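Structures given as structure tokens follow.
Look at the two complexes coming up: chain A is in both, with chain B in one and chain C in the other.
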Partner chain A sequence: MKKAFDVVVAGAGPAGIAAAVTAAAQHRRVALVDDNQRPGGQIWRSGASLPRPARVWLSRLEASAVEHLSGTRIFDHPAPGVLCAEWNETAMELHYEKLVFATGARELFLPFPGWTLPNVMGAGGLDAMVRGGLPVAGKRVVVAGTGPLLLAVAAHLAARGAKIVAICEQAPFARLAKFAAQMSRYPGKLLQGLAYRLAARHSRLYCGCWPISASGSTALESLTLRQGNRTWSVACDYLACGFHLVPNLELAELLGCRIQDGFVAVDDLQQTSVANVYCAGEPTGIGGVEMALVEGQIAGLAASGSAEAARKLIPQRRRMLGFVDALRRTCALNPELRRPAADTTLVCRCEDVPFGTLREHTSWRDAKLHTRCGMGPCQGRICGAAAEFLFGWGPDAVRPPIFPALVSSLAAESTNPNKSMEDA
Partner chain B sequence: MSETWDVVVLGAGIVGAACARACSLRGLRTAVVESGAIGGGATAAGMGHIVVMDDSEPQLALTRYSQQLWMALSDRLPPQAEFESCGTLWVAADEEEMQEVRRKQRVYASLGVATEILDSRALREAEPHLRPEMAGALLVSSDAVLYPPCAAAWLLEEAIHFGAKLYAPRTVVSASAGHVRLDGGTELTAEHIVVACGADSVRLIPELPLRKRKGHLVITDRYPGLVRHQLVELGYLKSAHSLTTDSVAFNAQPRRTGQILIGSSRQYGAEHTAVDHAILKAMLARAQLYLPALGACSAIRVWTGFRAATPDKLPLIGPWPADETLFLATGHEGLGITTSLGTGRLVADALSGAATEIPLEPYLPVRGPIEHSSSTHPAAGGLHA
Partner chain C sequence: MPDPARSITLTVNGTMVRVQPGTTVAAAILIAGGYTRTSVSGEPRAPLCGMGICFECRASIGGKLHQRSCQILCTQGMDVRTP
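Entry: the complex of A and B
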């Protein structure tokens, strides 16, 4: 199957929706591609109890002429102007004049003894499951990791009747206080932060604190926490744990976009180093929803040839860059977080590779070749970032397919874009 | 500072590791230098098919010798080397290819390699997912598969156990007249320098007749039992891995993990590691032609690697005439995983003055033309990875 558009937007999170809606308003033929069934990305896709901006943008999307290709996963970029995707076990070729990729970020998990027990979950992951209907009323939940996401998740779970036993933020109190003070420059965010704190007021926030082990016979029963020299155990039913976000850069790397300090380098109009390719949202820097929406609009306008209109939004984005920076500094991981992992703690869950085995190796490639770490279906999406933090190893080169794809889909890939356009 | 050794092996791919093991076992004081990960070169890219091949008589002799050495070692290999004696099925698509099956059986029998001819029905029973209209196959039960990087690491561990010393990660900057210079200034002195740098050996000896021959492989998610033997097409009469042009052939391998490794392609003049979409597509189309069920399998990774190819497809094993302290162990093309053990033994025998168990002459770096065993086609004997 082949489809051609003026603008293809990869990723239907806030950034991608904003880009697609904006480009469609400029009368471009636009496709919005996402591997999930529903639009909205990490925070909006559940559709339930959404804040106003979410409802506004989702209804704009619905009212627009954007062709929403849901359940469609992009796995390759065989030639300039072409993406290969899979939908419902069928290969699809997407041709574009301009591409905006807004592929978002994923949570970082750090291994500690017991982290593979059932009911130890990602903070965003548990949040999404609860939005999807998992009942948590009366359940004891510990929320741990770093970043404003923890408060957001705690607030939401508390609102659903969960008992938040503790919120453990790895950053020290002083750093958090500084961050909160800076937040006054970003009113929307400040209010949001306060609201979260209020909703979660029955729970305790511990700073400079993190879980060092989890135990339970068949599922999580208790957690040992550490704060400074103090360790103690708490009984709980769920751990929602996330050590901030890592950008999804696989598509960026496949496209050949320049990456700087771990993020996609873009100019004021969100243009990457590759001609006709724009990037918006988390891959350019972890900045949250408001930042994603502004970047998406700029990219959508720029990709539709409306650079003038796009420039009007630049000051708005610039103001938020300070927040991105403050967030990065606040969430910088304490090196002590490397310590909880024991020799027997699994780091790679696809291939069952423990920390002790990895420690004997000198590079990610060396470890991969000899232990199979990162060689499973997730291709290191989870353990790769953990290994980077634990051992300081840089990642491997990205190769197609960036997501598992059927052999038949790989065999169906176009190799001559011009010819296949004629076929279509 | 200079350290003195009987043998310094350059490169710890599977060939260098096997040479180091054989030399230190023989009591030679041995050092090994490796610039990257152990087995991280072509060895990490290879399919790990331990296969007897009859492209030419010397190839048959070396692969058979090596395959027997692997069999003898198999009980001692660690689990992560994933050694499986799954055997090879040389698949014949039609009657014309069945004749090749019979020819191949006669050749293998002459070396005492037991084989079995499967007719169409027997083949269907052995491999139910192959396209049903296949004519038959030759089963070579003594062939095996393994996971090359861990096999190489184990060979090296053994070498170290027998007294070898590893310099890694260190790059050899130059090697001549019994001196090996490493980055950072260390100099090693050796009676013999074994050059086992794979395709990169030309960086040390630019005159070597080696070319890079690029290959692609694809690995799937886990589908235990979908493929039971290493499957290789005999279809060279029609699709041909030729010596001059790009080509693909059907090759599928069951891994211990239940994953399926799919090959293979051959390209000259492609020096970049990037995936070539046209070749990948052709390779997978061919694989699905033989094994339609593969289409519905999820592919999790594609990679490429470079074989070190010589003009006559035989490795270069022996002293380098321009500098007799240099002893070559390179140019193993698409068979170096298999022939590593035989190479190691030939090297250790030659360097310690013992008689080699198979004649060394056909592999000497300077040699005459060889005869291919059967047809006029350069790929005769079948299409290995």
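Entry: the complex of A and C
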């Protein structure tokens, strides 16, 4: 199957929705592609009890002429102007004049003994599971890791009746205080943070604290926490643990976009180093929803040839850059977080490769070749980022398919004349 | 609010589970009291990321193997299998 559009937007989170709706308003033929069934990305997908901006943007999307290709996963970029995607076990070629990718971010997970037990999840991970119908009323939950997401998750789970046993933030108290002071420039964010804290006020917030081990026979039963020299155990049913976010850069790398300090480099109009390719949202810097929306609109306008209108939004984006920076400094990981992993602690969950085995290697590539670390279905999305923190290893070059694709999709792709011309 | 009139019934390893519309298959598997897969060294595993990244939630859904259950919503009569 082949489809052609003026603008293809990859990722239907806030950034992608804003880009698609804005480009469609400029009378462009727009496709919005996302591997989930519902639009909204990490934060607006659940549909239930959404804040006002979410309702506004989702109804704009609904009312627009944007063709929403849901449940569709982009796995390759065989030639400029073409993407390969898979939908319902069928391969699809998407042709574009301009591409905006808004592929978002994922949580960073750090290994510690017991982290592979059932009911140890990401912070956003447990949150997403609860939005997806997992009941937590009466369950004892520890929320841990770093970043403002922890308070948001604790507040949401508390509202669903969970008993939040502890909130463990790895950053020291002084750094959080500084962050809060800086937030006075962003009153909306400050108020939101306070509201989250208030909603989970019955739970204690520990700073400079993190889990060092989890135990249980077939699922999580208890956790050992460390704060400074003190360690103690708590009984709990779930651990929601994420160490802030890392951008999804697989598509960016496949497209050949320049990456700088771990993020996609863009100019004022969200244009990447590759012609006709724009990027918006978390891949350009972890900045939250407001930033994603502004960047999405700029990219949508720029990709529809309305640079003038796009420029009007640049000051709005610039104001948010301070927040991105403050967030990055606040969430910087304590090197001590490398210590909980023991030799027997699995780092690669797909292939069950332990820390002790990886330690004998000198690079990610070397470890991959000899241990199969990162070669399982997640393709290193979980263990790659962990290994980067644990060993300082840089990532390996990305190769298609960026998501495991069906053999039939790959076969359809290899008969694509563009591809064979390129390869020739 | 749960609404029994709108609930969906599916089976997880042959056991009936009743859920609300909008429930993911991953949530239904946990509600049924199971886990999603056994790792290569034999450990039980359950969802980690909830967003389609980690592949820990793979299950067989309606006869299709290795589906990421956190990305798929339950439908009436769905047949879900885990190891």
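Some observations on this one:
The rule is short, and it goes like this: the second predicted complex is superposed on the first by the 413 of 424 C-alpha atoms of A that agree within 3 Å, B and C clash if a C-alpha of one lies under 4 Å from a C-alpha of the other, contacts with A are read in each partner's own complex, and residues count from 1 in each chain.
Criterion: a residue touches a chain if its C-beta (ideal position, glycine included) is under 8 Å from a C-beta of that chain, and two chains touch if they have at least 3 such contacts.
Not measured: the values here are computed from a predicted model.
On the shared subunit chain A, the superposed partners chain B and chain C are arranged side by side without overlap.
Using the contact criterion defined above for the overlaid structures, shared-chain residue A:251 touches neither chain B nor chain C, since it reaches no partner. Set side by side, chain B and chain C differ in how many residues of chain A they touch, and the one touching more is C. In the superposed model, A:382 makes contact with chain C only, not with chain B.
Vertex at chain A: the C-alpha centres of chain B and chain C lie 80° apart in angle, rounded to steps of 10. Looking at the shared chain after the overlay, A:118 reaches chain C, while chain B stays out of its contact range. Of the two partner chains placed around the shared chain by superposition, chain B is the only one that A:79 touches, whereas chain C remains out of contact.
Once the two complexes are overlaid on the shared chain, A:303 sits clear of chain B and of chain C alike.
Shared-chain residue A:107: touches chain C; no touch with chain B.
Our summary of the superposed model lists a minimum C-alpha distance of 9 Å between chain B and chain C.
With the contact threshold set out at the top, residues 376-377 of chain A are in contact with chain B in one structure and with chain C in the other. Across the interface of their complex, chain B is touched by residues 76, 78-79, 89, 362-363, 365-366, 369-370, 375-377, 379, 397, 399-401, 404-408, 410-415 of chain A.
Here chain C touches chain A in the complex through residues 19-20, 22-24, 26-28, 30-31, 35, 39-41, 43-56, 58, 66, 70-74, going by the rule given at the top.
By the touch criterion stated above, chain B contacts chain A in their complex at residues 36-40, 44, 80, 149-150, 153, 169, 218, 220-221, 262, 273-275, 277-278, 280-281, 284-285, 287-288, 294-303.
Within the complex formed with chain C, the residues of chain A that make contact are 35-37, 42, 46-48, 106-107, 109, 116, 118-122, 124-129, 132-135, 218-219, 349-352, 376-378, 381-382.
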